[in-house]
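These notes open a run of structures that come right after.
Each of the two complexes below includes chain A, the first together with chain B, the second together with chain C.
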Partner chain A sequence: MAFLTLTDISKYFGGVAAVERFNLDVEKGEFVSFLGPSGCGKTTTLRMIAGFELPSSGTILLDSEDVTYKAPNQRNVGMVFQSYALFPNLTVGQNIGFGLQVRKENEAVIKARVDEMLGLIHLEQHQNKYPYQLSGGQQQRVALARALAIQPRVLLLDEPLSALDAKIRVELRLEIRRIQQALGITTVYVTHDQEEALSLSDRVVVMSQGRMEQVGTPFEIYNYPRTQFVAQFVGQLNLLPITGLDLAAETCLLAGQTVQFEHHQSRQLSEAPRLAIRPEEFRLGALEGCNVLSGRVETVMFLGAVVRLRVEVGGLLFSADLFNERNITPPRVGEQIEISFPVHACWLT
Partner chain B sequence: MAAAMSFLPNLRNLFFPPASSQAKDRGSKRGASWFWMAVGVLYFVLPLVATFDFSLRARKGVLSFLAYERVFKDPAFWKTFIFSLEMAFFTILVSLLLVVPTAYWIRLRLPKLRVIVEFISMLPFVIPAIVLVFGFIRVFSGAPFFLTNTSFGTNVLLVAGYTVLALPYMFRAVDTGLAAIDVRSLTEAAQSLGAGWGTILFKIIFPNLRVAILSGAFLTLATVIGEFTIASFLVGINAFGPYMSLIGQNKTYESSSLAIISFMLTWAFMGLLQFLNRGQASSSLAGAH
Partner chain C sequence: MSSKQNFAVNEKRDAPQARPAPLPWRHWLGVGPFFLFAFLFIFLPSLSLFIGAFQDASGAFTLKNFADLSRPEIVDAYWVTIRISLVTAVGGGLLGFAMAYGVTLGGLPAWVRTALSTFSGVASNFAGVPLAFAFIATLGRTGMVTLILKLVFGLNLYDKGFSLYSFWGLSLTYLYFQFPLMVLIITPALDGLRREWREAAENLGATSWTYWRRVALPILTPSILGAMILLFGNAFGAYATALSLTGGFINLVTIVIGSQIKGDILHNVGLGYAMAFGMVIIMATMMTLYYLLRRRSERWLRP
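Coming up: the complex of A and B.
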């Protein structure tokens, strides 16, 4: 039996569906991310788990207990907010101990837990400081410790890294994963950042317009997207118009050049199917056993580890990411090149 | 055409004055600022200086604090002042218990109602105090509320009237304080940690509104201490406002000294507010991400 179960959860705001028929089982100790663009319903779903919003229909079971209509302060769920939400009138130590004080734990227990949490987030020296004396990253770590101090059944994080700069974001991301794994706490994480979701999670739930598009491991989500939305939202994707489609032979014409692809019967095709290829699947030159296209280089962007080309093939433009190798000079703008991609790396949508 | 050409440099000077003229402009602007500031200071300070000077002339031919001595030795001064302080204390208490939860709830759950409540809070500026006190006397002099028959009853009415008068100051101050903190996130954070509404209000919201509450409280105090209309109809000479008015009618020098004393009191409260406010502004802002 799953530790956290959401069954047919829907939420309407004035007749507008924010979340529709959301079903999810989260195992104990699992790290699940809700990934999607703004307004897709990911935060609303998280807030329903926390109890800040009541579902219009459906049930939420937490550790076999129906908590659907339970008040937020009765759920024993830890929450970390994007805005940190530290209490400005309390010190770091008092913030971390707040939940335990509310539970009327004795002072010795509170002190021990606060010390333990401060050790966990490596902020032992800052116990007596006020939130405004800390950096954004430190404040968010305190918020994490505060949420964990009450030993919640589930930890909920609502875009906790969005307000931080890029470097701190990556550091804190690793820190969150380390702490989650060390404590084995069931975690639901909301983000619109695909890199965050893919790097942190055991499973990712991709959402769009209040609906679940796909649930799977980061590997599955990235490599086997089930819908066009998932394919486009997670990672970069070239979606190229085709002609001369022959499903039996698994071939089509791309800008007049024959291309072979792999077609799965389970995959539903749109009325005007297009060929999907990720930019990183391309290699320079004509490789044996691969599809080969001839085209003209329109732009070259040197991004360090990757060289991003925009290639024009018969009037079609697509992106190709090549790994930067010191001994290979990247093509120049205007150069005619041959570029290859494997048969298994492209699919029809 | 030639006229237009000769006009162009002037136009250019107007929009992009040469460096020397920019420096001159800055200098003259600074001079004008100082001039108007001096006018402002004189406008406020001169009457005060004149009143203070006059209050020192109770003894003929010498400057002395005789008027102040007389005021401080008058038992009615202390009696009325302490009474008004007590009324102010209860007014602040009632205002806080009324305004803070209301303003908090509006910010948290009913933001659309804020405009209406803001309008209601401004009504005391529009409706004269005399209308309010006549309404009180009319409603609370007969059955079922005989509040004007006892001094406790009139005191209750007085606090109620003062609470209405203080509403604009208290609501504004508290609402501004709430705007500076992320009320919703703080509330939800406290809820997720197991806190109920009482804990949230008294351990999180009230402490984070300290400066706002103090501002509202001092403004209320200043209003109540000098209030005349409601006090004179409900408790008469027992309150400080009517006492000051009576002194003003009968004792010239003492009334000036009372005016200075009330100014000093207001400044002392403002100073206290600034003192308590130190360091708090930055923490409030930091907490308001």
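Coming up: the complex of A and C.
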């Protein structure tokens, strides 16, 4: 049986649905991320697990216990907030030990646990500092240690890295995953950053407008998106209008050039079907066994690991990402090129 | 490189910035009137007070004015003033805090907050003769409220020992401008209590009481104390309200100073200056305490 179960959870604010019929099973020790744009209901769902919001309907089971209407201070759930929420009047050590003091643990236990947590987050030498004396990354690690110190049944993280700069974000991301795996703690992570969700999670829940769009491993979410929203929200996606669709032959015309696709990968087709291709599926040149398009390079953007081309084919513009290699020269703006993509890499939507 | 080393390298606090170049003189023009007023109406009068406190009637140097501060009626004036200032600072502080809490964290409708802050803005500056008259008209011997209580409810306040012209009557009158001042000062501090602190505390198992005891009140304490110190100073320096209401019946420092400086019988300008100098010392002490407390809370709440 799942460790955390959300069944038909809905939440309405003044008649407006923030979350609708949300169902999820999280296994013990699993790391699950809620991914979606602002206002999609991911934080509201997390807050319902924490007990800060009560569901309008549905149930939440935690370790087989119904906690749907339990007060936050009776759930033993740890939460890390986007804004750290460290108590400014307490030192790092006092912040970490706060939950244990509330539980009236004896001083020796508190001290040992605080020391252990400080070791876990590598901030042993900062125990007596106040939050304002720490950097953002350090504060967030203290917040993580504070949440973990009480040995919660579930760890909830609400966009914990959003307020940090890019480099610290990547480092702390690795730290969070390391600590989560070391402790084997069941974790629910809210983010709008797809890279975070994909790199950290065992499973990702993609949400939109209060509804769950898809649940799956990062690999499944990225490579086999079930809805157009998921395909467009997770990663980059070219959606190109087509003509001359022949479903039996699995071919269509893209700006007058024939393209072959695998129909079994296609989603429910709209009235004006479009061909979906991820930018990284393209390769320069005419490769055997692939669809080949001839087009003109409109822009070239060097992004470090990737060179992003904007290519115009018969009036259609699409993005193509080429891996950067030092021994190749990227095409120039205005150059006519041939560009290929595998048959299995595109689908109709 | 270990992750620990990574953090050590990448999470250094920002290096101190280079000392900024001195501002051109014209940038000070905007605050020029403030400095001019401060010089003319704070510094010069204080200097005059200071000098006058060490002079006798003929202008010769003397310490007698300070020695006279220990006279029983002068000590009594300070003591009454300190008591009334304490009572109205604590009373007004608690009342104002409760009201500010109600409109910020108490979940009251937004219009109540608007109404209270508008009232507080006006009432905190409503003092002197108009305030005294307002209270005489309502709670004086023949005041409206006094008569209503007497005629409708059969409660004669003055038979029960209440008098508007007593220590407690004056304290009640002072409260009219003290608690609104507290509302104005403490509301931003209450607004500064972040929802996440409460949620984090609850999430860690704390009850509402534990949150207030361990987190919210310690964070607010410097602001509350600081605000009460301001209220103390506000009451300590009040003159016109007390004089209008009691006609000098209550022996406040400000009233005694007035009598010493312009009175016919008690005329002793040097003693008045010495008493005013004593007031300046008390007020300066209060302001220093306020500054220290405010600095402490601002340091905690630095973003």
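Everything that follows uses one rule, which is that the second predicted complex is superposed on the first by the 347 of 349 C-alpha atoms of A that agree within 3 Å, B and C clash if a C-alpha of one lies under 4 Å from a C-alpha of the other, contacts with A are read in each partner's own complex, and residues count from 1 in each chain.
Note that a contact is a pair of C-beta atoms (placed from the backbone, for glycine too) under 8 Å apart; a residue touches a chain by one contact, two chains touch by 3 or more.
Since the structure is predicted, the reported quantities are computational estimates derived from the model, not experimental observations.
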Joint occupancy of chain A by chain B and chain C, clash or fit = clash
Mind working out whether A:P88 is in touch with chain B, chain C, both or neither, as first, second, both or neither?
-> both
Identify the partner contact of A:R146: answer first if only chain B is touched, second if only chain C is, both if each is, neither if none is.
-> both
With the two complexes superposed on chain A, say which partner A:A163 touches: chain B (first), chain C (second), both, or neither.
-> first
Looking at the overlay, does A:L174 come into contact with chain B only (first), chain C only (second), both, or neither?
-> second
Chain B versus chain C as contact partner of A:Y130, first or second or both or neither | both
First (chain B), second (chain C), both or neither touched by A:V102 = both
Does the superposition put A:G78 against chain B (first), chain C (second), both, or neither?
-> both
Footprint overlap on chain A, comparing chain B with chain C | 50-52, 71-73, 76-79, 81, 83, 85-89, 98-99, 102-103, 130, 132, 143, 146-147, 150
Chain C to chain A touching residues, read off their complex | 3-4, 6-7, 10-13, 194, 196-197, 199-207, 210, 214-215, 218-219, 299-302
Could you please specify the touching residues of chain A with respect to chain B in the complex?
-> 50-52, 71-79, 81, 83-89, 98-99, 102-103, 130-132, 143, 146-147, 150, 156, 163
In the complex of these two chains, what residues of chain B are touching chain A?
-> 181-182, 185-186, 188-196, 199, 204, 207-208, 210, 282-289
If you look only at chain A, which of its residues touch chain C in the complex?
-> 50-52, 71-73, 76-79, 81, 83, 85-90, 98-99, 101-103, 122, 130, 132, 135, 137-138, 143, 146-147, 150, 167-168, 171, 174-175, 178
